[in-house]
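Notes follow once the structure below has been shown.
Going in written order, the chains are labelled A, B, C and D, and every chain counts its residues from 1.
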Amino acid sequence: MIKVLFFGPVADRVQTHEMQMDFSPGMTLHNVIAHLGIQHPGAFSIVSLIAVNQNQVHDKQMALQDNDEIAFMAKFSGG
Amino acid sequence: MIKVLFFGPVADRVQTHEMQMDFSPGMTLHNVIAHLGIQHPGAFSIVSLIAVNQNQVHDKQMALQDNDEIAFMAKFSGG
Amino acid sequence: MLDPVRIQAEDFSQNEEVEALKASSRRMGGIATFIGCARDFSEGREVSQIGFEAYGSMALAEMNKLRSEAIEKFGLLDARIVHRVTTVQAGDNIVFIAAGAAHRAAAFDACRWMIDELKQRVPIWKKEITPQGDAWVTPHP
Amino acid sequence: MLDPVRIQAEDFSQNEEVEALKASSRRMGGIATFIGCARDFSEGREVSQIGFEAYGSMALAEMNKLRSEAIEKFGLLDARIVHRVTTVQAGDNIVFIAAGAAHRAAAFDACRWMIDELKQRVPIWKKEITPQGDAWVTPHP
(Lines give C-alpha, C1' and ligand atoms only; values in the text may rest on other atoms or scores of the structure.)
Protein backbone atom coordinates (compact mmCIF):
# COMPACT_ATOMS: atom_id res chain seq x y z
CA MET A 1 0.00 0.00 0.00
CA ILE A 2 1.06 3.56 -0.73
CA LYS A 3 -0.30 6.19 1.65
CA VAL A 4 -1.11 9.49 -0.08
CA LEU A 5 -1.56 12.63 2.02
CA PHE A 6 -3.07 16.01 1.19
CA PHE A 7 -2.97 19.16 3.31
CA GLY A 8 -4.53 22.60 3.48
CA PRO A 9 -5.70 23.97 0.13
CA VAL A 10 -4.81 20.74 -1.70
CA ALA A 11 -6.87 18.64 0.73
CA ASP A 12 -9.81 21.02 0.25
CA ARG A 13 -9.73 20.47 -3.51
CA VAL A 14 -9.28 16.69 -3.34
CA GLN A 15 -11.91 16.67 -0.58
CA THR A 16 -9.90 14.27 1.53
CA HIS A 17 -6.73 14.33 3.61
CA GLU A 18 -5.65 10.79 2.93
CA MET A 19 -6.04 7.93 0.49
CA GLN A 20 -4.47 4.51 -0.07
CA MET A 21 -3.19 3.19 -3.40
CA ASP A 22 -2.17 -0.36 -4.17
CA PHE A 23 1.56 -0.75 -4.54
CA SER A 24 2.90 -2.53 -7.60
CA PRO A 25 6.57 -3.25 -8.22
CA GLY A 26 8.26 -0.69 -10.50
CA MET A 27 5.75 2.00 -9.55
CA THR A 28 7.16 5.54 -9.72
CA LEU A 29 6.09 8.85 -8.22
CA HIS A 30 5.17 9.88 -11.75
CA ASN A 31 2.63 7.02 -11.98
CA VAL A 32 0.89 8.27 -8.84
CA ILE A 33 0.84 11.87 -10.06
CA ALA A 34 -0.52 10.85 -13.47
CA HIS A 35 -3.24 8.72 -11.92
CA LEU A 36 -4.42 11.27 -9.34
CA GLY A 37 -3.78 14.34 -11.49
CA ILE A 38 -6.40 13.25 -14.00
CA GLN A 39 -9.00 12.83 -11.26
CA HIS A 40 -8.11 16.05 -9.42
CA PRO A 41 -6.64 18.53 -11.89
CA GLY A 42 -7.67 21.53 -9.77
CA ALA A 43 -5.84 20.19 -6.74
CA PHE A 44 -2.70 19.27 -8.63
CA SER A 45 -2.52 22.70 -10.28
CA ILE A 46 -1.59 24.17 -6.87
CA VAL A 47 0.80 21.40 -5.81
CA SER A 48 4.25 22.94 -5.56
CA LEU A 49 6.00 20.45 -3.27
CA ILE A 50 5.99 16.70 -3.10
CA ALA A 51 7.48 14.73 -0.21
CA VAL A 52 8.10 11.00 0.01
CA ASN A 53 8.49 9.77 3.58
CA GLN A 54 8.71 13.38 4.83
CA ASN A 55 11.52 14.33 2.48
CA GLN A 56 11.04 16.69 -0.41
CA VAL A 57 11.47 14.97 -3.77
CA HIS A 58 12.32 16.65 -7.07
CA ASP A 59 12.75 13.61 -9.32
CA LYS A 60 9.35 12.32 -10.39
CA GLN A 61 10.90 9.20 -11.87
CA MET A 62 11.72 8.10 -8.33
CA ALA A 63 10.86 4.47 -7.72
CA LEU A 64 8.46 3.90 -4.84
CA GLN A 65 8.63 1.22 -2.17
CA ASP A 66 5.72 -0.54 -0.57
CA ASN A 67 4.39 1.47 2.45
CA ASP A 68 5.83 4.77 1.23
CA GLU A 69 4.06 7.93 2.38
CA ILE A 70 3.60 10.55 -0.33
CA ALA A 71 2.43 14.10 0.44
CA PHE A 72 1.18 16.59 -2.14
CA MET A 73 1.49 20.12 -0.85
CA ALA A 74 0.75 23.70 -1.88
CA LYS A 75 3.20 26.48 -0.99
CA PHE A 76 3.68 26.71 2.75
CA SER A 77 2.14 29.65 4.59
CA GLY A 78 2.97 29.05 8.25
CA GLY A 79 4.58 31.49 10.65
CA MET B 1 24.23 77.24 42.99
CA ILE B 2 25.41 74.91 40.28
CA LYS B 3 24.84 71.21 40.91
CA VAL B 4 27.65 69.02 39.57
CA LEU B 5 27.06 65.29 39.14
CA PHE B 6 29.48 62.40 38.62
CA PHE B 7 28.60 58.83 37.72
CA GLY B 8 30.20 55.40 37.54
CA PRO B 9 33.95 55.46 36.88
CA VAL B 10 34.11 59.28 37.05
CA ALA B 11 32.40 59.32 40.46
CA ASP B 12 34.87 56.67 41.69
CA ARG B 13 37.81 58.88 40.76
CA VAL B 14 36.31 62.11 42.15
CA GLN B 15 35.21 60.08 45.17
CA THR B 16 31.81 61.69 45.22
CA HIS B 17 28.62 61.61 43.17
CA GLU B 18 27.61 65.22 43.67
CA MET B 19 28.98 68.60 44.59
CA GLN B 20 27.70 72.18 44.66
CA MET B 21 29.47 75.21 43.21
CA ASP B 22 28.58 78.84 43.74
CA PHE B 23 27.04 80.44 40.70
CA SER B 24 28.45 83.71 39.46
CA PRO B 25 27.05 85.66 36.51
CA GLY B 26 28.96 85.07 33.27
CA MET B 27 30.12 81.65 34.42
CA THR B 28 30.69 79.18 31.58
CA LEU B 29 30.92 75.43 31.40
CA HIS B 30 34.60 75.92 30.64
CA ASN B 31 35.11 77.66 34.02
CA VAL B 32 33.67 74.66 35.83
CA ILE B 33 35.80 72.21 33.86
CA ALA B 34 38.97 74.24 34.46
CA HIS B 35 38.27 74.51 38.17
CA LEU B 36 37.43 70.83 38.75
CA GLY B 37 39.86 69.46 36.18
CA ILE B 38 42.84 70.75 38.13
CA GLN B 39 41.61 69.08 41.31
CA HIS B 40 40.63 65.80 39.64
CA PRO B 41 42.76 65.30 36.52
CA GLY B 42 42.39 61.51 36.68
CA ALA B 43 38.60 61.76 36.66
CA PHE B 44 38.46 64.31 33.88
CA SER B 45 40.77 62.28 31.67
CA ILE B 46 37.96 59.73 31.24
CA VAL B 47 35.12 62.26 30.82
CA SER B 48 33.80 61.87 27.30
CA LEU B 49 30.34 63.39 27.65
CA ILE B 50 29.06 66.46 29.43
CA ALA B 51 25.39 67.22 29.96
CA VAL B 52 23.79 70.41 31.20
CA ASN B 53 20.28 69.91 32.50
CA GLN B 54 20.23 66.36 31.06
CA ASN B 55 21.16 67.48 27.55
CA GLN B 56 24.51 66.70 26.00
CA VAL B 57 26.58 69.83 25.43
CA HIS B 58 29.44 70.18 22.96
CA ASP B 59 30.22 73.89 23.30
CA LYS B 60 32.30 74.47 26.43
CA GLN B 61 31.86 78.23 26.13
CA MET B 62 28.19 77.73 27.00
CA ALA B 63 26.99 80.26 29.57
CA LEU B 64 25.52 78.69 32.68
CA GLN B 65 22.41 79.74 34.56
CA ASP B 66 21.88 79.62 38.30
CA ASN B 67 20.60 76.18 39.38
CA ASP B 68 21.95 74.41 36.31
CA GLU B 69 22.76 70.72 36.69
CA ILE B 70 26.03 69.63 35.07
CA ALA B 71 26.99 65.98 34.66
CA PHE B 72 30.47 64.72 33.79
CA MET B 73 30.30 61.25 32.29
CA ALA B 74 32.58 58.50 30.98
CA LYS B 75 31.55 56.47 27.94
CA PHE B 76 28.27 54.71 28.53
CA SER B 77 28.31 50.95 29.02
CA GLY B 78 24.69 50.05 29.68
CA GLY B 79 22.66 47.39 27.92
CA MET C 1 11.41 20.82 30.70
CA LEU C 2 9.55 21.56 27.46
CA ASP C 3 11.15 20.40 24.23
CA PRO C 4 12.95 23.23 22.37
CA VAL C 5 11.05 22.46 19.16
CA ARG C 6 7.30 21.94 19.34
CA ILE C 7 4.04 22.03 17.40
CA GLN C 8 1.11 22.48 19.75
CA ALA C 9 -2.45 23.78 19.90
CA GLU C 10 -2.08 25.64 23.21
CA ASP C 11 -0.45 29.02 23.69
CA PHE C 12 3.17 29.32 24.85
CA SER C 13 4.70 31.41 27.62
CA GLN C 14 7.62 33.65 26.66
CA ASN C 15 8.81 33.57 30.27
CA GLU C 16 8.98 29.78 30.27
CA GLU C 17 10.65 29.59 26.87
CA VAL C 18 13.29 32.18 27.70
CA GLU C 19 13.90 30.52 31.08
CA ALA C 20 14.47 27.18 29.36
CA LEU C 21 16.74 28.80 26.77
CA LYS C 22 18.86 30.49 29.43
CA ALA C 23 19.15 27.26 31.41
CA SER C 24 21.36 25.85 28.65
CA SER C 25 24.29 28.21 29.25
CA ARG C 26 25.62 30.87 31.61
CA ARG C 27 27.57 32.40 28.75
CA MET C 28 24.46 33.81 27.09
CA GLY C 29 24.63 37.59 26.82
CA GLY C 30 21.94 38.25 24.22
CA ILE C 31 18.60 36.65 23.42
CA ALA C 32 16.58 37.66 20.37
CA THR C 33 13.01 36.44 20.11
CA PHE C 34 10.31 36.70 17.50
CA ILE C 35 6.60 36.30 18.17
CA GLY C 36 4.25 36.08 15.23
CA CYS C 37 0.65 36.89 16.09
CA ALA C 38 -2.71 37.09 14.36
CA ARG C 39 -3.60 40.48 12.90
CA ASP C 40 -7.23 41.52 12.66
CA PHE C 41 -6.92 42.29 8.99
CA SER C 42 -4.78 41.26 6.06
CA GLU C 43 -4.48 42.83 2.62
CA GLY C 44 -7.48 45.01 3.41
CA ARG C 45 -9.84 42.18 4.44
CA GLU C 46 -11.09 41.83 7.99
CA VAL C 47 -9.93 38.57 9.50
CA SER C 48 -11.79 37.18 12.48
CA GLN C 49 -9.87 33.93 12.91
CA ILE C 50 -6.88 32.12 11.43
CA GLY C 51 -6.83 28.34 11.13
CA PHE C 52 -3.64 26.31 10.78
CA GLU C 53 -2.96 22.90 9.36
CA ALA C 54 0.40 21.09 9.42
CA TYR C 55 2.02 17.97 8.02
CA GLY C 56 3.01 17.28 11.60
CA SER C 57 5.80 14.71 11.30
CA MET C 58 7.54 16.53 8.46
CA ALA C 59 7.02 19.97 10.03
CA LEU C 60 8.58 18.87 13.30
CA ALA C 61 11.52 17.26 11.50
CA GLU C 62 12.12 20.44 9.47
CA MET C 63 11.87 22.65 12.56
CA ASN C 64 14.42 20.49 14.37
CA LYS C 65 16.72 20.66 11.34
CA LEU C 66 16.23 24.44 11.21
CA ARG C 67 17.19 24.79 14.88
CA SER C 68 20.34 22.67 14.48
CA GLU C 69 21.36 24.55 11.36
CA ALA C 70 20.88 27.92 13.10
CA ILE C 71 22.94 26.84 16.12
CA GLU C 72 25.73 25.71 13.81
CA LYS C 73 25.58 28.58 11.31
CA PHE C 74 25.44 31.42 13.85
CA GLY C 75 27.34 29.83 16.74
CA LEU C 76 24.31 30.00 19.04
CA LEU C 77 24.32 28.66 22.58
CA ASP C 78 20.70 27.53 22.17
CA ALA C 79 17.55 28.11 20.13
CA ARG C 80 13.83 27.32 20.37
CA ILE C 81 10.99 27.13 17.84
CA VAL C 82 7.34 26.71 18.80
CA HIS C 83 4.45 26.84 16.31
CA ARG C 84 0.80 26.64 17.25
CA VAL C 85 -1.50 24.57 15.03
CA THR C 86 -5.08 25.37 15.94
CA THR C 87 -7.58 28.16 15.24
CA VAL C 88 -6.57 31.51 16.70
CA GLN C 89 -8.30 34.87 17.20
CA ALA C 90 -6.94 38.33 16.40
CA GLY C 91 -4.11 39.14 18.79
CA ASP C 92 -3.33 35.50 19.61
CA ASN C 93 0.20 34.12 19.39
CA ILE C 94 1.09 31.89 16.44
CA VAL C 95 4.82 31.27 16.45
CA PHE C 96 7.73 31.79 18.83
CA ILE C 97 11.42 31.77 17.89
CA ALA C 98 14.31 32.42 20.26
CA ALA C 99 18.04 32.56 19.67
CA GLY C 100 20.55 32.85 22.50
CA ALA C 101 24.21 33.74 21.91
CA ALA C 102 27.19 35.20 23.72
CA HIS C 103 26.64 38.48 21.86
CA ARG C 104 23.62 40.14 20.34
CA ALA C 105 24.55 40.25 16.65
CA ALA C 106 24.48 36.46 16.28
CA ALA C 107 21.22 36.23 18.24
CA PHE C 108 19.47 38.77 15.99
CA ASP C 109 20.83 37.30 12.75
CA ALA C 110 19.85 33.77 13.75
CA CYS C 111 16.37 34.67 14.98
CA ARG C 112 15.55 36.45 11.75
CA TRP C 113 17.03 33.65 9.66
CA MET C 114 14.95 31.03 11.49
CA ILE C 115 11.60 32.75 10.95
CA ASP C 116 12.46 33.48 7.29
CA GLU C 117 13.45 29.83 6.73
CA LEU C 118 10.48 28.49 8.69
CA LYS C 119 8.10 30.24 6.33
CA GLN C 120 9.89 28.69 3.34
CA ARG C 121 10.58 25.21 4.62
CA VAL C 122 8.05 24.08 7.20
CA PRO C 123 4.87 22.41 5.88
CA ILE C 124 2.23 24.48 7.66
CA TRP C 125 -0.69 26.24 5.97
CA LYS C 126 -2.88 29.07 7.21
CA LYS C 127 -6.48 29.82 6.34
CA GLU C 128 -8.00 33.23 6.99
CA ILE C 129 -11.55 33.06 8.28
CA THR C 130 -13.36 36.27 7.41
CA PRO C 131 -17.01 37.40 7.47
CA GLN C 132 -16.91 36.96 3.66
CA GLY C 133 -15.73 33.36 3.86
CA ASP C 134 -12.56 31.33 4.33
CA ALA C 135 -9.45 31.47 2.18
CA TRP C 136 -6.14 29.64 2.33
CA VAL C 137 -3.29 32.12 2.34
CA THR C 138 -1.15 32.15 -0.78
CA PRO C 139 2.36 33.28 0.08
CA HIS C 140 3.87 36.00 -2.04
CA PRO C 141 6.35 34.60 -4.56
CA MET D 1 -0.42 49.09 33.13
CA LEU D 2 3.37 49.38 33.35
CA ASP D 3 4.97 52.31 31.57
CA PRO D 4 6.54 51.33 28.21
CA VAL D 5 9.89 52.90 29.21
CA ARG D 6 11.30 52.14 32.63
CA ILE D 7 14.46 51.98 34.74
CA GLN D 8 13.99 49.65 37.68
CA ALA D 9 15.88 47.45 40.12
CA GLU D 10 13.50 44.49 39.94
CA ASP D 11 13.34 41.92 37.16
CA PHE D 12 10.79 42.20 34.34
CA SER D 13 8.41 39.62 32.91
CA GLN D 14 8.54 39.07 29.17
CA ASN D 15 4.95 37.81 29.28
CA GLU D 16 3.72 41.03 30.88
CA GLU D 17 5.75 43.26 28.57
CA VAL D 18 4.60 41.49 25.40
CA GLU D 19 1.01 41.51 26.66
CA ALA D 20 1.19 45.26 27.21
CA LEU D 21 2.80 45.78 23.79
CA LYS D 22 0.09 43.76 22.04
CA ALA D 23 -2.67 45.64 23.87
CA SER D 24 -1.80 48.74 21.85
CA SER D 25 -2.94 47.37 18.50
CA ARG D 26 -4.73 44.46 16.85
CA ARG D 27 -2.79 45.07 13.65
CA MET D 28 0.45 43.73 15.12
CA GLY D 29 1.72 40.73 13.16
CA GLY D 30 5.32 40.61 14.33
CA ILE D 31 7.05 41.31 17.62
CA ALA D 32 10.84 41.27 17.94
CA THR D 33 12.35 41.35 21.39
CA PHE D 34 15.85 41.52 22.77
CA ILE D 35 16.88 40.46 26.26
CA GLY D 36 20.36 41.29 27.47
CA CYS D 37 21.53 39.16 30.35
CA ALA D 38 24.59 38.79 32.56
CA ARG D 39 27.24 36.37 31.32
CA ASP D 40 29.40 34.56 33.83
CA PHE D 41 32.56 35.68 32.14
CA SER D 42 33.69 38.51 29.92
CA GLU D 43 36.93 38.86 27.96
CA GLY D 44 38.25 35.77 29.68
CA ARG D 45 37.66 36.96 33.26
CA GLU D 46 35.19 35.27 35.55
CA VAL D 47 32.40 37.67 36.49
CA SER D 48 30.37 36.91 39.60
CA GLN D 49 28.14 40.00 39.57
CA ILE D 50 27.47 43.08 37.48
CA GLY D 51 26.59 46.40 39.08
CA PHE D 52 24.80 49.20 37.24
CA GLU D 53 24.65 52.90 37.82
CA ALA D 54 22.53 55.37 35.85
CA TYR D 55 22.01 59.09 35.49
CA GLY D 56 18.35 58.32 36.06
CA SER D 57 16.56 61.43 34.81
CA MET D 58 18.67 61.74 31.67
CA ALA D 59 18.63 57.99 31.00
CA LEU D 60 14.85 57.85 31.18
CA ALA D 61 14.51 60.91 28.93
CA GLU D 62 16.89 59.36 26.35
CA MET D 63 15.09 56.02 26.47
CA ASN D 64 11.76 57.76 25.86
CA LYS D 65 13.27 59.68 22.95
CA LEU D 66 14.73 56.44 21.59
CA ARG D 67 11.33 54.73 21.73
CA SER D 68 9.58 57.63 19.95
CA GLU D 69 12.27 57.79 17.29
CA ALA D 70 12.05 54.03 16.67
CA ILE D 71 8.24 54.15 16.35
CA GLU D 72 8.55 57.00 13.85
CA LYS D 73 11.58 55.70 11.91
CA PHE D 74 10.36 52.11 11.47
CA GLY D 75 6.59 52.68 11.49
CA LEU D 76 6.11 50.58 14.61
CA LEU D 77 2.76 50.07 16.27
CA ASP D 78 4.43 50.14 19.69
CA ALA D 79 7.77 49.65 21.46
CA ARG D 80 9.04 49.10 25.00
CA ILE D 81 12.41 49.58 26.71
CA VAL D 82 13.17 48.40 30.26
CA HIS D 83 16.61 48.59 31.86
CA ARG D 84 17.45 47.24 35.29
CA VAL D 85 19.75 49.32 37.50
CA THR D 86 20.87 47.17 40.41
CA THR D 87 23.42 44.43 41.01
CA VAL D 88 22.75 41.24 39.06
CA GLN D 89 24.13 37.69 39.13
CA ALA D 90 25.22 35.59 36.15
CA GLY D 91 22.14 34.64 34.13
CA ASP D 92 20.02 37.53 35.38
CA ASN D 93 18.15 39.81 33.00
CA ILE D 94 19.55 43.30 32.39
CA VAL D 95 17.64 44.93 29.56
CA PHE D 96 14.46 44.26 27.59
CA ILE D 97 13.56 45.80 24.24
CA ALA D 98 10.43 45.03 22.22
CA ALA D 99 9.24 46.30 18.86
CA GLY D 100 5.79 45.49 17.46
CA ALA D 101 4.88 46.10 13.82
CA ALA D 102 2.42 44.93 11.19
CA HIS D 103 5.20 42.88 9.58
CA ARG D 104 8.36 41.29 10.92
CA ALA D 105 11.04 43.18 8.96
CA ALA D 106 10.26 46.50 10.67
CA ALA D 107 10.05 44.82 14.08
CA PHE D 108 13.50 43.21 13.71
CA ASP D 109 15.14 46.34 12.29
CA ALA D 110 13.71 48.55 15.03
CA CYS D 111 14.55 46.19 17.89
CA ARG D 112 18.15 45.94 16.80
CA TRP D 113 18.40 49.69 16.22
CA MET D 114 17.05 50.42 19.71
CA ILE D 115 19.56 48.24 21.56
CA ASP D 116 22.44 49.57 19.43
CA GLU D 117 21.37 53.17 20.12
CA LEU D 118 20.70 52.50 23.80
CA LYS D 119 24.29 51.43 24.27
CA GLN D 120 25.50 54.62 22.59
CA ARG D 121 23.09 57.14 24.00
CA VAL D 122 21.76 56.16 27.41
CA PRO D 123 23.82 57.23 30.46
CA ILE D 124 24.17 53.89 32.24
CA TRP D 125 27.45 52.33 33.37
CA LYS D 126 28.26 48.76 34.27
CA LYS D 127 30.87 47.45 36.66
CA GLU D 128 32.06 43.86 36.59
CA ILE D 129 32.55 42.37 40.02
CA THR D 130 35.09 39.53 39.82
CA PRO D 131 37.04 37.50 42.37
CA GLN D 132 40.06 39.63 41.34
CA GLY D 133 38.26 42.92 42.05
CA ASP D 134 35.79 45.33 40.47
CA ALA D 135 36.21 47.12 37.17
CA TRP D 136 34.02 49.56 35.27
CA VAL D 137 33.43 48.32 31.76
CA THR D 138 35.06 50.37 29.04
CA PRO D 139 33.05 50.05 25.85
CA HIS D 140 34.94 49.18 22.69
CA PRO D 141 35.57 52.24 20.52
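The rule is short, and it goes like this: a residue touches a chain if its C-beta (ideal position, glycine included) is under 8 Å from a C-beta of that chain, and two chains touch if they have at least 3 such contacts.
The shown structure was predicted, so the numbers you read here are calculated from the model rather than taken from an experiment.
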Subject >> Rounded Å distance between subunit A and subunit D, as computed from the means of their C-alpha atoms >> reply: 48
Original post:
In whole angstrom, how far does the Cα centroid of subunit B sit from the Cα centroid of subunit D?
Top reply: 26
Subject >> Distance from the mean Cα position of subunit B to that of subunit A, given in whole angstrom >> reply: 74
Original post:
So which stretches of subunit D touch two or more other chains?
Top reply: 36, 115
**OP:** Specify, in ascending order, the residues of subunit B that touch 2 or more different other chains.
**Re:** none
Original post:
Should the pattern of chain-chain touching be classed as line, ring, star, complete or other?
Top reply: line
**OP:** Provide the full list of chain pairs in touch.
**Re:** A-C, B-D, C-D
**OP:** State the interface residues of subunit B toward subunit D in the complex, per the touch definition above.
**Re:** 5, 7-9, 11-12, 49, 51, 54, 71, 73-79
Original post:
Within the complex, which stretch of subunit C touches subunit D?
Top reply: 13-15, 18, 22, 26-41, 90-91, 102, 104, 107-108, 111-112, 115
Original post:
What residues of subunit D sit close enough to touch subunit B in their complex?
Top reply: 36, 52-55, 57-59, 61, 83, 94-95, 115, 118-127, 136-139
